[in-house]
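Following are the structures in question.
Across the two complexes that follow, chain A remains constant while its partner is chain B and subsequently chain C.
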Partner chain A sequence: MADLSFEVQAVSKYFPGVKALDSVSITLEPGKTHALLGENGAGKSTLIKIITGVYAPDEGALHVGRAPVRFASPRDAIMAGVAVVHQERNLIPRFSIAENIMLEHLSDQVLRPLNFAAINEAARPWIEKLGINADPSTPVMELSVAQMQMVEIAKALSLQSSVLLLDEPTAALTPHETVALFNVLRDVRDKGVCVLFVSHKLEEVQEICDSVTVLRDGQNACENLSMNGLTRQDLVRMMIGRTELIAGYRPRDIDRRENALELLDFSSSAGHHGINLAVASGEILGLYGLVGSGRSELAKAIIGLLPTDGGDIRRDGQRVTIASPAEAIHKERIGYVSEDRKHEGLILQHSVLDNAGITVWRRAVNRFGFLTQNSVRRLVEPYLKKLQVKTPSLRQTIGKLSGGNQQKVAFAKWMAANCDVLIIDEPTVGIDIKSKTDLHDLIRDLASSGTAIILITSDMPEMIQLADRIAVMTDFVVSGELGNDGDYSSMSKQIIDLIHIEETRLVGE
Partner chain B sequence: MVCIIATIIISLKSPAFFSALNGQVLLEAISINILIALSQMVIIGVGQMNLSVGAIGGFAAISFAGMMEVWGISAPVAAGLAIAIGVLAGSLNGIFIVWTGVSAFVVTLATLAIFKGLNLAITEAQPFYNIPAEVGAFGNTTFFGPLPWILIPALTIVVCVNFMFNRMPLGRKLLAVGANSHAAKLSGINVSHVIIVAHCISGFLAATAGIALVARLQLGQPTIGDDWLIMSFAAPVIGGAILAGGHVSTVATVFGVIIVALITQGLVLFKVDPYLVQVVLGALILAAVGFNRWKDIQTAKTKPGMHSG
Partner chain C sequence: MFATSEKYREFGREGATDWLKRIALSNEFGLFALIVVAVLVFSSLASGFLSNFNLYLLGRIIAVNTMIGFSMMVVLVTGGLNLAVGAIGVCVAMTCGWLIEDIGLPWYIAIALAIVVGAGLGAINGLLVVWSGLHSFIITLATMSIFFGGMIFLTRAESFREMPGVFTDFSRLKFFGSVSAMLIPTCIVAVLLGILYRLTRTGKEMLAAGAQPAAAEQSGLRVKKLFVLCHVLSGAVAGCAGLMLLARNGAAIPAMAGNLGQDWLLIAFLGPVLGGAVLLGGYVSVLGAFLGATLVSVLSNGLLLIQVGEFWVQACLGLMLLLAVVLDKVRRLFVEN
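On to the complex of A and B.
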């Protein structure tokens, strides 16, 4: 099926009151990796849905190898050779890796008994190729998030399609796994497949892609431009219509005499041991580490979601025990902004107001114990305004807002909660550049107004722009701590060295 | 709308429908069914199911009747104690669900058998007949035109439950837990407490319905509650509740009860075989969930996918 081009020609798509796509074109050539870029709301996901057969275009046409095609359903798109790796997991947790990869191939054999040995053998090459490093019969639910992502990619590749569309494939991967994925993608590309790579990570786009199409406000900001000679600044300018403003790190005055939160020889049931960390009011402590190094688990152990297993937590110098997130918030004023806003951070089917207000209900009641029309609104609206959340109304269901706006509401909720200590986990994953800049400003503002912040992020530039000190975590221990001098190349080298030293030590044992 | 049209059609075909007695009977049935439906709706809101609403209601009903007949306790005190039993039964459901982490479906299936078994063991499957006259009067007389006395506690409870879900932190927390218990927990809500309280409220409402039914039947029937289950799900579902939790509407549930009552009553007046009434009720549930699903698909089609731009 390879060596066919895929063309989207002047496609438009209307929704009530919105023109989501306005005559958008993109051409994928066999043997090339093409990048699709655009901020949230630029029309990227609408275009993806048209390419994958979820929506039919109102105007324009799709061509596979010059022949016009019409997709009435996602199944039509698959039959025409368009394979997709979605942002959301589409795996069956209790099925084995091999069964998940081969799922689409099994559907014709409804009545024949399954030959698991044959399925495992058929899947094994893909498992090895992608470095999944697990037995084909392992249930998918026992895998790490990154491994699941690889299974998802293997599943798409196994269809031998002429077009492979990857939507934010590296969001859950470590740098090491990303390298493995890119090697596979180059392989696939060289076999004559059209690869469409959708990502917010411009460094990756520059590394892997041959050409690029940028969408802005539902239109082409550029179409099939060669990556050669394009700089990161060029891409950003096309995406947002202006040059990116990267605010560098500026040292701030911090009174370190008393720590707002301190961990002494802290251990947890998740596997942390001997952790010593401290953060003062007004300080941003960065916590860097690879996916799976135990950063989010540490946050969850601090707020009482995972059991502790020894050592002390000190809050303003006082030893405290925290049994639940409710105690963390209402007694110790410690909040946790989750990395997983869809499942842990927000209630997608509830309104903006209910989501932002969830931490303040107990303060918003009148003297009879009732919430009045405006009491919640009064407490959260200033924060929503400050963060410039774009929503038709506060009653809007939050699941219908863009990722950047959702994340802003998740932040507003914690600002309204008046916490003294905030643990912020991967605040800008998968959101657009404007929202990202807004959230960075906000994190700085929060620190300046006296909040102690622990910032967990895998985004090295983000870390070096924001953190006053950076602690590096490897395999559930803190392998070192650095003061931030704001110089990207030296800081990133020191951080990577710390991770490397610890890994060498672990191998040595 | 549907209610009005249904009422007009029925009254045109059968003038008997508007007679005072019929109105009274209909309103009595509606009042009690509202309590049953709300008892389930609270649990649907928190994202669970309570299969034991009927068993709790029946147990509270025979407790109420039995305490008056056997121990000679006055009606208000007996009612209070029966409600306490309902709340206790609900709290046992909630505590067991939270403590073991077993799904509410399984736990309430088990307690359904337990409460029903206790009911039969106490009554030996014989009704309590000696219900005080004033209790019977409360269940069978009207205070104005065709408006029965039972309507008063039922409407009061509707107002309270509606207020709770819309204006009280408890109600909002309940819906938050129902929609996404993980996010609710991380936002500082004590999820276990909320689930237990929801089951207490459900037990309270089921017991109230049981007591009201004793007053209406003037009989402590051990079979009270046996046929509540379908009704308890039908009305909230017709009212647009999402069974996965997080969204319920008290007012719409009340309309659900009214629609079901009008249709079943209408069928009786048209002399349709009573056994077929069950079939119609089942079809009504399917139609309601089908309609909700269709509406979801329509909105999904017309709204742009803005999730990740």
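On to the complex of A and C.
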């Protein structure tokens, strides 16, 4: 199947009231890795859906190896050799790794008994290649998020397709796993497959991609440009139409005499032990660690969602016990901005106002005991305005806003809550550059106004731009703490070293 | 700075056309139109449909059916359900009968205590659901049998027939010759529920907790407490419905809602689901549940008047429930695009 090019020629797509794509073209060549870039709303998702047969184009055509093709359904696209790794996971949790990988190969054997040993054998090479490091018969639901992502990729690769499309494949991966994935992608590319790599992480795009197509406002900002000689700034300029303003880290004055929040020899039922951390008012403490190292769980143990198991939590120097998030927010004024926006951060089917207002309902009740829209609006609207949330009305269902706007509402909710300590977990995953910059400014503003912030992120540049101090967490233990000197290369090296030292220690045990 | 403040003036203040569009697209408007059509059809097919007497009968049915629907609706908020509404309703009616006939309490105190018992049975459901972490389907399936069986054991399946005249007088009371007084308690409960969900913190918290428990809890809501409260409310409202049946029958009869109270189940789901309640939790419409129960009552009453057999009416209602669920899906797709 390999060695066929894939062309999208002058494709347009209309939705009621909008032209989502306006004569967009992109050419994927065999043996090349091609990047597709664009801000949220630039038309990337629509183009992906056209390539994968979800939408049919209103104008223009698709060509596989110079022959025109029409996809009436995703099935047609798969048959034509287009394999996709979607951003959302599409695995069957109770099925084994091998069954999930080989699923597409099984569908024409409806009544024949399955030979599980053969399925496991067929899947094994892919599992080894991608370094999934688990038995083929392991149910997928027992895997880590990163491993699941690898299974997803193995499933796509196993189709031996001529086109492999990866939509944000590294969002859930650790740096180590990303390296493994890139090795596999280079391998696949060298076998003559057209690889299309969609990502927000420009560093990765520069590392792995040979050419690039950028979309802006539904049009080509560039088409099939060679990556050679393109800088990060060039890419950003094409994406947002101007140069990116990266505010570097600037040391700030912090009164460290009293800690707003302090953990002393803190242990939790999730597996944390002997954790000592402190953050002062106005300080941003970065908490770096790989996925699965226990960072989110630590936040949840602090706010009372997971049981603690020894040690002290001190709030402004006073020893406190926190039994529930309600106590954390209303008694101790500690808030947690979840990384899982869709399930833990927001109520997607409710309105913008109800989402932003949920933490202030207690205060918004009037003297007759009623909670009116206006009283809630008065408390949250300043924050929604400050964050420049773009929504047709406050009544709008929040699930229909873009990821960046959703995240801004989630932030507005916590700003309205007036917390003294905020634990912010992966604030900018999967959102566009403009919103990301806005949120970074906001986090700095919050700290400057005296909020103590614990920032959890696996985005190294983000960490080094924002954090005053950086604690590194490995396997539910804090393996070290660093002051931030703002120099990216030396800081990132020190952080990686801390993780690595700890990993070596664990292997040694 | 000026530009942003201009931009955000749009927040929330919608124009008249948007408002009209929203009403026309709303589920409640669709139900209202269906009710009008049903009334027109039945009044042309059956001469007695719009007679004063039939309208009075219809009012009584609507009042009870709506109340039964409300008792389910308040639990649908949590994304769960309460199969024991019928059993609780009958238990409350029987308790009231016992308090009056055997204990000799005045009727108003008996009513109040009986409703407290309903709330208590609801609390048992709620606590079991929250503590066990099991789906309310299993819990209330079990308590439905336990409550009903316990009631049969305690009363030896005997009815309480010596009820004071105030019950039957109330159920026979009508205004303008055609409007049943039974609609009064239903309307009061409807208004109270409307206020609860629109204008109180507890109501809004119930909706938030039902829609996305994890997000609600992390935002500082006490989700478990709220869920128990929803079940307590369900028990109390089911009790009100049971007492209305008691008034209609003039007696507390163990079999007044069928075996295990299951005669209520279809009605209990039909009203709120036709009314647009989301079965996954987090959204209900009080007006919709009222209109849904009204449509169901009009259909069953009208079909009986044009002499369609009782079993066909049941089949028809079942069909309606399926249709409502399908229509709901179609409507959502339409609105989203």
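In the analysis below, the second predicted complex is superposed on the first by the 509 of 509 C-alpha atoms of A that agree within 3 Å, B and C clash if a C-alpha of one lies under 4 Å from a C-alpha of the other, contacts with A are read in each partner's own complex, and residues count from 1 in each chain.
Throughout what follows, contacts are C-beta pairs under 8 Å (C-beta built on N, C-alpha and C of every residue); 3 or more make two chains touch, one makes a residue touch a chain.
Everything numeric in this text was worked out from a predicted model, so none of it was measured.
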When the two structures are laid over each other on chain A, do chain B and chain C clash or fit?
clash
Which of chain B and chain C A:K385 touches, first, second, both or neither:
second
Contacts for A:K44 in the overlay, against chain B (first) and chain C (second): which applies, first, second, both or neither?
first
In the superposed arrangement, does A:S448 touch chain B (first), chain C (second), both or neither?
neither
Report for A:R377: first if it touches chain B alone, second if chain C alone, otherwise both or neither.
second
For A:L305, using the defined touch cut-off, is the partner it touches chain B, chain C, both, or neither? Pick first, second, both or neither.
both
Where does A:N183 make contact in the superposed view: on chain B (first), on chain C (second), on both, or on neither?
neither
Regarding the shared-chain residue A:N133, is it in contact with chain B (first), chain C (second), both, or neither?
neither
First, second, both or neither for A:A326, with chain B first and chain C second
both
Touched partner set for A:D432, first chain B, second chain C, both or neither:
first
Which partner, chain B or chain C, is in contact with more residues of chain A?
B
Once the two structures are superposed, pull the chain A residues common to the chain B and chain C interfaces.
16, 303, 305, 324-326, 328-330, 336, 338, 343-350, 354, 358-359, 361-362, 364-365, 369-372, 413, 417
Could you pull out which chain B residues touch chain A in their complex?
163, 167-169, 172-173, 175-176, 179-180, 182-190, 242, 246-247, 302-309
Per the touch rule, the chain A residues reaching chain B in their complex are 15-16, 18, 20, 38-46, 49, 87, 167-168, 303, 305, 324-326, 328-330, 336, 338, 343-350, 354, 357-359, 361-362, 364-365, 369-372, 399-404, 413, 417, 430, 432
Report the residues of chain C in contact with chain A in the complex, numbered from low to high.
4-5, 8, 10-14, 195, 199-201, 204-205, 207-208, 211-212, 214-222, 278, 282-283, 337
What residues on chain A touch chain C, complex-wise?
16, 303, 305, 324-326, 328-330, 336, 338, 340, 343-350, 353-354, 358-359, 361-362, 364-365, 369-373, 377, 381, 384-385, 388, 391-395, 413, 417
